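So, here's a batch of structures to check.
Okay, so chain A shows up in both of these, paired with chain B first and chain C after.
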Partner chain A sequence: MTQLTNNRQNDWCLSNFELFEKSLNGDSALHIHAIRKAAMERFAKLGFPTTRDEEWRFTSVAPIASSTFNAVLDYAPDGITEKNLKNLIVDGMNGSRLVFINGHFSRDLSDCGSFPHGVKVENLSGALKNDIGLVNQYLTRYARYDDNAFTALNTGFLHDGAFIYVPEGIVIEDPIYLVFVSTESDASFVSHPRNLIVVSRNAQVCIVEHYISVEKNSYFTNTVTEIVAGDHSVVEHTKLQSESLKAFHIGSMYVHQGPASNFTSNSISFGGVLARNNITALLDAEGCECTLNGLTLSTGQQHIDNHTTIDHAKPHCNSHELYKAILDGKSKGVFNGKIYVRKDAQKTDAKQTNKTLLLSDNATMNTKPQLEIFADDVKCTHGATVGYLDAEALFYLRSRGIDSEAARDMLTYAFASDVTDRVKIEGVREYLSGVLHARLEQGRSEG
Partner chain B sequence: MSTETSTIQQLADRDYKWGFVTKIEADTAPRGLNEDIIRFISAKKNEPEWLLEWRLKAYRHWLTMEEPKWPNVHYPAIDYQDAIYYSAPKQKNGPKSLDEVDPELLKTYEKLGISLTEQQRLTGVAVDAVFDSVSVATTFKEKLGELGVIFCSFSEAVREHPDLVKQHLGSVVPYTDNFFATLNSAVFSDGSFCYIPKGVRCPMELSTYFRINAADTGQFERTLIVAEEGAYVSYLEGCTAPMRDNNQLHAAVVELVAMDNAQIKYSTVQNWYPGDKNGKGGIYNFVTKRGKCAGVNSKISWTQVETGSAITWKYPGVILQGDNSIGEFYSVAVTNNRQQADTGTKMIHIGKNTRSTIVSKGISGGFGNNSYRGLVKIQKSASNSRNFSQCDSLLLGDKCGAHTFPYIEVRNTSSKVEHEASTSKIGEDQIFYCKQRGLSAEDAVNMIVNGFCKEVFRELPMEFAVEAQKLLGVSLEGSVG
Partner chain C sequence: MLEIKNLHASINGNEILRGVNLRVNSGEVHAIMGPNGSGKSTLAQVLAGREAYEVSKGNVTYEGNNLLDMAPEDRAREGIFLAFQYPVEIPGVSNTYFLKAALNAIRKHRGLEELDAVEFLSLVKQRMKILDMDQSLLNRPVNEGFSGGEKKRNEIFQMAVLEPKLAILDETDSGLDIDALRIVADGVNKLRTKENATIVVTHYQRLLNYIIPDFVHVLVDGRIVRSGGKELALELEDKGYDWVREHADVNV
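Here is the complex of A and B:
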């Protein structure tokens, strides 16, 4: 019986795939199409996960599986102009900007900037034609789809997204800004953006991925980002997820770190009715530094899930993880932080902290830090707390003449800014500060 | 490093010093499991109709269940039809005196500081008239009887106090609970029953009695402890002494019920046969233990020291139902050679102002794998509740593993939950410091490990704390990290 319902739930994905194959025309002969087909077969076998899967125990994707989303097969500007985009995106970003509308690259709204020779900042479907040799070396090699249905689905529909390649020794000063816009539509639709970021030896880059929507309607974004950080490279990745409050967002990021590379991820989520962020970082050489920061702001009926995996495969690597969540209304938060220390990964230093602030009695937090250690000469700690605002701190502020609402806001803001202050790009920090203030005000008018 | 490896090698090569077989003539049920076998067990024990019905209900439910696969332990599939589910010991043909007992075994007893009479009891030597266990048991029983404390075997309780058993059996661990608890409900052999009436403080550690009286309770034990309003009891299960046992699978169930202002302290020391250095043989210890703080201000405290068994898989939990109730869990789990342990606790906060503390210490050596898996759940009704968890792991080699899987679920804003975990090894500088002070490397490791476990040992009843410390020394003999 379950098998039957499962199959029916896959139906919309499979029929989407037929349409997608047709829309590709001659392109279906390419090497990449064999991978798409294999991934789709894998997806058909896996089906959507249920809460019986340990990885999805607290997050039910039944609303995604049981509804029907249509694939967007062609680019259409859908009324998006520079003007209405401006209100939604981060102000004051100096660098280049790539804009994707419902998963398709918009050349009109993008500014690919000018870069030193060899640097590629372009859209993936273009790169699949122009730089196929380079792309094939990396694409789908890090995002494993054999055990993750959503990654398999994304790989099946792999078509467009950002492709960034930084050759040896090049430092890109200004952040590269990737904007994924979802537009209004009568029927609910799905997009599968796929990004590939390759940073070679001694290179540096800073990337911002931003997911936004123009209208507050229901749609589904299923995104995958692959990042390859070469020897001594420095990569900072920031993901801002501010989808519409009716949207579904599943995002997976796969990071592969080379010797002495330094990778930082900031993942800030405050949109979506159901959102899930997966980050998998493989520290595959000695001397890696990996920093994962995360912040969740949720209210109403939102359900935001963060799953991270740091895999210490080699010795002498450090990882630091800080994830915070502020939950209001009837929202639900989930955190699962896995740290693996493999047998030979001696002298590992891994630190993980997860803190949650509950602002409402109807909010729920499920947290599961998880350490799996197979080496003996390591330092691994994790800490998790769930609690409320410190009564003494509130009293202190009130004794200084600050009213209780302002005092609560101040402390909540401080709790969140611990994470947002770690973002290096000033524009993003200011943007987040604005979002935080707006959320606090909204919470106050509701409460 | 080479000397280190060689000492670890020695440790791995160490044999189970107390493995031997006692032939017992027994009244045995045929192999296999079906409704007739359950009727046979029930008839053998002269059980009332309701209990047989309960067993059969459990069995029918068990048939619909699947063996759980989620724990982080690995073992070959168990053939449940190939086991004997009832075997009552008739008569022993043990050694005639201590002189016939393996001297190695006696040496271990000496190290643990176990008295001569108890040594006789444990090795199965025919006990002489002076130390007749029956008479000793009777003395204890009289003393407890004066206070109204009921402490007897489970089958006796079913006969003598059927109402109490009927009221509480399955009230904490229902027969539908999990695969192994359901199996236990269907075929449980015997166990202990303990009832402390209102306002009574049990004058002795019930362990003392248990150690002498209940050495052969068998494979599917069932323990039920009920503390009425304002009562207090401290109970010690198991034994620091090595336990001989022929059963591969142990699926016990322990239920504790604490009424208003009552307190139950339950301590376990488990040192069953862990299997040989290749992981062959050894006991599978799959236990369901749960306490219910049913009344206000009640308190249940679990303390466990797990050094034996090939696989230990248990999560003593507390349901904090009464307002202001307290749950505690203190654990030391040691895995050596090929031993595996997946253990932890569940704290379910339902009542207001409930508090729980979890302290778990895992030590892995050889190829051992040690997992902490715990759940802290704060229900919406549990305002102002509080939890503190700490789980630390110590690794004594580079082939062992430590894992933590804490689950935290919070649905209440006025509650506070804290969780901390760390993993480390014994520092070379620490060993160096001790050696410099004239201690041998082995003593140094012993001392450091004992320091690591101190928080838990402190919770054990005094004499067992001393024994447990020595036990740890024996378990880790030859291990220098």
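Here is the complex of A and C:
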């Protein structure tokens, strides 16, 4: 019975795939297409997960599975111009910018910048033709899809996204800004952006992935990003998820860390009616530093889920994780933080903190730290708190003449800025400050 | 300025204040002394508007208005200031940001122009001098990681910036060494005018050597059992609180 339901729910994905294959024409002969087909077969077997699946216990994707989302097969600017983009994106980003509209690269709206010889900042669809040798060394090697239906689906539809390659010793100062726009459309559609970021030995780069929409309609973004951080590289990745409040967003990021690499992720989610962010970081060599920062802002009926896995495979690595959530309205939050410390990974130092601020009695949070430690000489700590604004702090502020709303805002803002202040890019911090203030104002007009 | 009549207040069903009467006029300094747990902080918090306390009986008039009807922020804007016995730590909110918001809320209420960043900073610098405050405390989050003494000094610094009409200092002396005590007391004295009033809550007489009260009241078990001039504090120091309990003067 279950099998039947699952199969039927996969139908729209499978028929999308037929259309997608046709649209590829001659390109379906490429090596990558064999991988797409294998991934699609795997997806057909796995089906969409249900809440009986431990990994999806608190997040039901039934609304995605039971809908029909159409594939967007070709690029169309769909009315997106620099002007309407301007109000939605981070201001004052000096570096290069790649814009994707419904999953397809927009050459007109992008500025690939100018970089030292060997640096690649381009769209994946182009790279699959022009830099196929380089791409093939990495693409699909880190994003395992055997046990993740959404990654399998993304791999099946793998077509476009960003390809960034930083050769040995190159330091890129300005952040590289990746913007994924969803547009208005009559029928709901799905896009499967796929990004590959490779940072070689002693190289440094800072990437911002931003998901936005111009209309408050329903659509589905299913994105996968693979990051390879080489020997002594420094990589900062910031994801801003500000999809429409009716959108579905599933995003998975797979990070592979080489010797003494330093990787930081800032994952900030405030869009989507249903959003799930997966981050898997494999610390696959000695001396790695891995920092995962996260912030969720949700209200109304939003459901935002963060699943992180830090896999300490080798000795002498440090990981620091701080995830915070501010839940208002009837919104729901989920945090699951896995930390594996493998038998080899002696002298691991791992710290995980998850803090949730409830602004409403109807909001709920499910939080689960999950530490699995197989080495004996390690330092691992974790802590999770869920609570309301501190009554004593509120009174203290009010006793100085600050009204109760302003006092609540001040404390809420402070709670969030603990995470947003960690983002190194000033423009992003300012953007987030604006988002926070707007959310607080919106909360007041609804409350 | 302030008139408290037969004030009864309880928390979690325990009656703590059991009929407090007190009258404070502008220009006066009143000291409230009493043993631990007698209700001194409760009185201070009730006057500042802490909602956790339930006032079951009595009334409080402040400058002709019913104080108990006012929200805590409105009391502050009308000139009431409580220096907390245990100042609250507020992570993520900087001392200057907080104090500027407070001052401007109060100024706005009084029909004054809000201060811009430059004007505010020059005011703050001037007031910091009065309290010999370390400038670095300004940019730190409110009270976070402050030592006991720094917290108390920060309370009086806030008072110096906000210029209240009625200041209530709850055990401001505790946690201060003798030098800091002198600086803080000097600060309080400098801020005294004919128009404002101060209620000094203290367990020990020590502070009253520096801030000379016009009146001393002794609070025991939620009632003021004895009132007198500044010499009452010395007498208390000498004879202890048991002496007042035995010689409770119920007519005050």
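Convention: the second predicted complex is superposed on the first by the 447 of 447 C-alpha atoms of A that agree within 3 Å, B and C clash if a C-alpha of one lies under 4 Å from a C-alpha of the other, contacts with A are read in each partner's own complex, and residues count from 1 in each chain.
Basically, a contact is a pair of C-beta atoms (placed from the backbone, for glycine too) under 8 Å apart; a residue touches a chain by one contact, two chains touch by 3 or more.
Bear in mind the structure is a predicted one, so any value in this text is a computation, not a measurement.
Clash-free side-by-side placement of chain B and chain C is the outcome of superposition onto chain A. Contact with neither chain B nor chain C is seen for A:133 once the two complexes are overlaid on the shared chain. Centred on chain A, the angle reaching out to chain B and chain C in the chain A superposition, using CA centres, is 70 degrees in steps of 10. Of the two partner chains placed around the shared chain by superposition, chain C is the only one that A:414 touches, whereas chain B remains out of contact.
Contacts of A:400 after superposition on the shared chain: chain C is touched, whereas chain B is not. For chain A, the partner with contacts to more residues, out of chain B and chain C, is B. In the superposed pair of complexes, A:391 makes contact with chain C only, with no contact to chain B. Looking at the shared chain after the overlay, A:365 reaches chain B, while chain C stays out of its contact range. Aligning both complexes on chain A leaves chain B and chain C separated at their closest CA atoms by 12 Å. Of all the residues in chain B, the ones that touch chain A in their complex are 70, 378, 380, 393, 395-425, 481. Residue ranges on chain A touching chain C, taken from their complex, read 390-393, 395-404, 406-407, 410-411, 413-415, 417-418.
Residues 48-52, 71-73, 75-77, 81-82, 84, 87-93, 98-99, 101-103, 105-106, 109, 141-142, 158, 162 of chain C are the ones that touch chain A when the two sit in their complex. Those residues of chain A that touch chain B in the shared complex are 54, 343, 346, 356, 358-388.
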